[in-house]
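Both complexes shown next keep chain A, but they swap its partner, so chain B is in the first and chain C is in the second.
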Partner chain A sequence: MEAVNKLRKRRSRIYSSEARVAYICLIPAFVGLIFLTYLPLLGVLGISLTNWTGLKSPEFIGIDNYIKIFTTDPYIKDSIIATIYFAFLSVAGSMIYSLFIALLLNRKIPARGFFRAVFYVPYVLPAVAIYVGWSWLYEGNFGFFNYLLSELGLNKILFIADSSYVIPSLSLISVWLAGNLIVIFLAGLQNVPGVYHEAAEMDGANGWQRFRHITLPCMTPIIFYNLLLSLIANLQVVTPALALTNGGPGNSSRFLTYLMYDQAFVNYRIGYASATTVIIFVILAVFTLVLFKTSNLWIYNEGGDDK
Partner chain B sequence: MSVAAYGRLRSKKRRDRTMNILTFVAVVFFALLAIFPIWWIFRTSLMSSAEIYRYPPALIPGNWLFSNYEKTLEVFKFWKYLWNTMLIIVPSCLAGTFTATLCGYAFARLRFRGKSLIWALCIGSMLLPAMVTLIPLYIGWTRGLGFSDSYWPLILPYFCGGGAFNIFLIRQFIMSIPRELDQAATIDGAGYFRILFSIIMPAIRPAMIVVALFIFIGLWNDLLQQMIYINSSEKYTIALGLTNFRGQLKSDWSLTMAATCLSFAPGVIFYLIGQRYFVEGITLTGLKN
Partner chain C sequence: MKTVKKLGVGLILTALTMSAVGCANNGGNTATPGSNAANTPASSKEEKVKIVYSMWGSASEGSATQAVADKFNASQDRIEVEVMAIPWENYMTKLNALATGGQLPDTGMLQEGGVIQWSAEGMLNDVSAMYEGSESKPLDSLAYKYEGKTVAYAAANEILLLYYNKDMFDEANVPYPPSALDQAWTWDEFVETAKKLTIDKNGKHPGEEGFDSQSIVQYGASVENLPWQLETWALSNGGGFYSEDGTEVRIGEDASIEAIQKVADLYLKDHVAPLSVGQTDDGIQRTIIAGTVAMATNGQWNIGTSLNTAKEEGLNYGVAVLPYMKDKVTLNTGGANVVFSQTKHPEEAMEWLKWYNSEENNWTLISSGIWMPTLDKWYKDETLTRKWVENPNFPPYDEYKSAVVDYAQSSAARPAAWFYTNYTSDFNTLLGSVLGDVWTGKTTAKDAITKNLDALKAAHAGNK
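Here is the complex of A and B:
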């Protein structure tokens, strides 16, 4: 009996020293989670109920900011449209582009590592430099794309200086930047068991059938991950507006995060900008939630029962 | 093997070879397409203004005007900006990687009370978009702690675990290391920190390098936060300097492109050094979910 007690005591001592080490390790993350994540989250909700401008002390005004945003704000509607339009084009484009390139790179080709690096390189360049560089390609008179158009006998386009072309033009850049998705897809493709393909080939399935019924189902978890990654990133888009367009021309690229920046840090309407932030947060949360909820409809689970 | 089957196999082989050649041609084509914008920017940076506006435009500059770079550097204080950027990035990468490793270790290996709660909080914060906390954090850093026109608001968050995603990455990596290694060390009398420093850390070096690279890229691209926390041009980073430079020299495309190419350079060099780990780590993020 005594021996058992002794053992138990010793074990709990080991256990507590283990816990002590764990808490020491977790101090930084704990501080971060409280002070940099969850308290600020509550903070933004609180500030959104005030009329704070940063100068006078804030007054509580209830949900006035929200009412104003939905009834009189001149930008919010354009802003939501621009953001969703941009995110849709960018996500769809970069998913298709990166899956396609990954499929090409997954075949037996020489110098695969080199080509993978080529497609990946845009991702490691500083975003501002990318946008500034592309703004020259999009230039209205002497830019490369207008040279192409004139060679094809078409009229010149102002691209990022034209309100109807600015979003597709910026989306093209973000598709080009999707090198990280290619690398993730490629890794996923290399994990698709080769035996499935061999078996299907024996049965006479052609390339498309094998892609459709083997590769694609095996890839659905990776597709989901990439979709989530690229959706969240693209819905928060702000750098092209800051570096190039200033939300223009007109309001055509006044993305939601840029709208918030403009309200809070240019016009110092901090209370109002916080309400905008909350609305952006809700929009992002809805998109993420829908993606998660619908995911079990199309994600193929290898261990699961296939219909 | 029958003659017919042999013939079928041979024709399949031939078909495979044609397909591989076609794939290779397609890959080369798309690679050229992907690299083309960078080349176009680079060749513009070496041209005179007259040559830029010539029709049809040349793919390769007639004279390689490296003097454009000298002219650019007179206004675009690249070395200064690079230094400033490194003042932010180096401490952030070191601190972020180190604290993420500590946290990842605790979650992967240690037993303690409240583990599942803290882990849930951590994972939950991964789904919280960074822009949501921007305003309260700005107020906290500038009003609460008095950091205005300072790098600290950009650096200090990395002393707090380096972001949930990075903690997650490290944890997954540590969990893939056999526990027998730790146990053997415990029998030899090593404590938890000894195990972390002398067994875990060497084993997860690729993951730590990847975390450092992610932090690097994140800071590199974060124009928004740099814009709101840094005011004086003395303290400009590359991203701020380039944005500002473009505003000044809107029409001088060759100098703007020279500044752009200069800004590309550190990223390319960093990438070439760490390429192997980069690919390994990104692969890891995709497959360990």
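Here is the complex of A and C:
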């Protein structure tokens, strides 16, 4: 009994000294988080309750900015629709595309390393260069795609100049850019135990059945991670609007983050832009929460149900 | 209430500290005063007033301007000017931050859309006195006015004009557009000419039997549809964006709407223009320089920013006055040089600006064709005009003299809206978005503008 108590004591001493070291090591990260993330976040919340323009000192105006956003703002509704529409197409597209490519690259094909690099390259190229390149493909009068269409005797498609095509066109670029998802999927695929496949093969399962009942369930945690990553990145989309469309035509690509940028740094209504930022934050939070809450319905956990 | 306000201010200060930390690597590059300025024995003149002048540009552009300022510093013994260069992309953001901190430079450049807003917020000094007693003054259309007071003069002049590809005209055997204002084309003449210059794959023109608008290989005309430039056509058709004093919004009037629809119809009905939905500001590169369009409207600065290089590479282009609907109109514009109200030395700041704004000091920009002079003597005295225009960067002298120099001082030249009214950037952003589907024909200018007229009026009122 005595000995057990002693052991316990020693253990707790070790724990507490370990904990101390851990906390000391965490301090720099905490300081960074607090001063570079949480306080500015609170700052944004505070500024969103003012009419600050950056010039005169701000006046507290309560929730006026929020009221204005939801009643008279000419952009916000289109902006939310454009952002969610874009995020939906891009997330769905890039998940399917990158899982498919990862499955192909996971096979023993010749020059595998080369092809893996090929699909990853778009992700590391400078964003603006990519968008300028795509703008030449998409250009409505003489762009490459329209050149092909007119050679085939088809009517031109205006792509990013047409309000109904602009979001699908931009989503396509975003799907093409999903090299990072491919790499993560590849890593996941290599962790799918080979023995399952061997056993299933012996039982006569075909390729689709093995994919559906072995690969896919084993991949669900990775799919979840990629889904989350992709969803957050795509809901914060801004570069295509800045580089290609200026939010147009009309408001069809006026993404929320672009709208916020425009309010803050073109029209200098910092308070108003901060309120928009808070709304973006809430939308992101809702989507992330829903994803987390529903995740245990479809994520396969090797260690069994740990509820 | 008060505590909440204090809390808010505290939070803002925190946020500002944060952003100040973040700005360290992309903020202002003060052109190293050591390079030139420190060599002049400033310390021997203890009483020198120090003036800081802010400009947009790279560090090397800052050094170039500092070299000019050093000439000024050496020319007298009362004022010492130091140049602060801030990259264009975050110029206004940085100035906003400095304004909040009460640390604005004494004087500096200001983007067009910001002048009236800053003035309305009491950040700018009245500079009416700057040219008192001078023998040459800036052109009348280049003064920024707020509540009747001159709050800034443009640092440069720019006007809108019509560029055209001479080779395309020669090939089609069509006379060039007129460079003289009294011979300016009407809109219909402009469209008719554009039709002759629009060719499809089979060599047919719009209106001819068998013309295929889907396979056009050369377009006749492109009228820039960036919102601020569209005002030209609204004014030309007897309408406008605003009333003359800037207080009323007139874009809902039939004349204004009809003018905008006519611009859209160049693509939609006349099939003489490529589609442009106003997403990018590179009209001349996309049209004249790309060699796909025979005529295009845009600002004079294109001569220096892109056309001079294209000319060296063989582009044979000319300049002409804009066509007109009812009245002959072109717009003047130019970024402003202001004196900030936070300065303790407004007199000295004005003295520097006046010296600096003389064309000799901006000669590189002017002789390359990017800026036009602001002082009227350059437009009225032919020896000076020749000194300015007779160099290989420009189109032939007679053509440019008539289509640009005379045009800029004619009655057709009117100040762009940001010279006299506030919130033009809010208004233009909204107008650009409202018109998005007009260019592709999904809606008409009438429907789009009527439906959003209240929002446009609110934008012009600063959404108050």
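Criterion: the second predicted complex is superposed on the first by the 271 of 307 C-alpha atoms of A that agree within 3 Å, B and C clash if a C-alpha of one lies under 4 Å from a C-alpha of the other, contacts with A are read in each partner's own complex, and residues count from 1 in each chain.
Here, contacts are C-beta pairs under 8 Å (C-beta built on N, C-alpha and C of every residue); 3 or more make two chains touch, one makes a residue touch a chain.
Keep in mind that what you see is a predicted model, and the values were worked out from it rather than measured.
Undergrad: When the two structures are overlaid on chain A, which partner does A:F265 contact: first (chain B), second (chain C), both, or neither?
TA: both
Undergrad: After lining up the shared chain so the two structures overlap, which partner does A:Y225 touch, if you call chain B first and chain C second: first, second, both or neither?
TA: Only chain B is touched by A:Y225; chain C is not.
Undergrad: Touch check for A:T277: first (chain B), second (chain C), both, or neither?
TA: first
Undergrad: Which partner reaches more residues of chain A, chain B or chain C?
TA: Larger number of chain A residues touched: B.
Undergrad: Is A:N191 touching anything from chain B or chain C once the two structures are fitted on A? First, second, both or neither.
TA: first
Undergrad: Touch test for A:W298: chain B only (first), chain C only (second), both, or neither?
TA: A:W298 contacts neither chain B nor chain C.
Undergrad: Taking the superposition as given, does A:F70 touch the first partner, chain B, the second, chain C, both, or neither?
TA: Neither partner.
Undergrad: Could you tell me if A:V124 is touching chain B, chain C, both of them or neither one (first, second, both, neither)?
TA: A:V124: touches chain B, not chain C.
Undergrad: Which partner chains sit in contact with A:S252 here, chain B, chain C, both or neither? Use first/second/both/neither.
TA: Touch status of A:S252: second partner only.
Undergrad: Give one of first, second, both or neither to describe whether A:L39 is in contact with chain B, with chain C, with both, or with none.
TA: In the superposed model, A:L39 contacts both chain B and chain C.
Undergrad: Which parts of chain A are in contact with chain B and also with chain C?
TA: 35-36, 39-40, 43-44, 47, 142, 265
Undergrad: In the complex formed with chain B, which residues of chain A make contact?
TA: It comes out as residues 15, 17-19, 21-23, 25-26, 28-33, 35-41, 43-44, 47, 101, 104-105, 107-110, 115-129, 132-137, 139, 142, 144, 147, 151, 176, 180, 183-188, 191, 221-222, 225-226, 232, 235-236, 238-239, 242-243, 257, 260-261, 264-265, 270, 273-274, 277, 280-281, 284, 288.
Undergrad: What residues on chain B touch chain A, complex-wise?
TA: Interface residues on the chain B side: 19-20, 23-24, 26-27, 30-31, 34-35, 37-38, 40-41, 44, 52-53, 55-57, 99, 102-103, 105-106, 110-113, 115, 118, 121-122, 125, 127-140, 157, 159-161, 167, 191-193, 217, 220-221, 223-224, 227-228, 238-239, 242-243, 246, 253, 256-257, 259-260, 263-264, 267-268, 270-271, 275, 278-279, 282-283, 285-287, 289.
Undergrad: Under the touch definition given earlier, write down the residues of chain C that touch chain A in their complex.
TA: 1, 4-5, 7-12, 14-15, 18, 92-93, 96-97, 99-100, 114, 117-118, 121-123, 214-216, 219, 274-280, 290, 292, 423, 425-426, 429-430, 432-437, 439-440, 442, 452, 455, 458-459, 463
Undergrad: Provide the residue numbers of chain A that touch chain C in the complex, in ascending order.
TA: 35-36, 39-40, 42-47, 49-50, 52-60, 68, 72, 74-75, 140-142, 150, 155-156, 158, 160-163, 244-252, 254, 262, 265-269, 272
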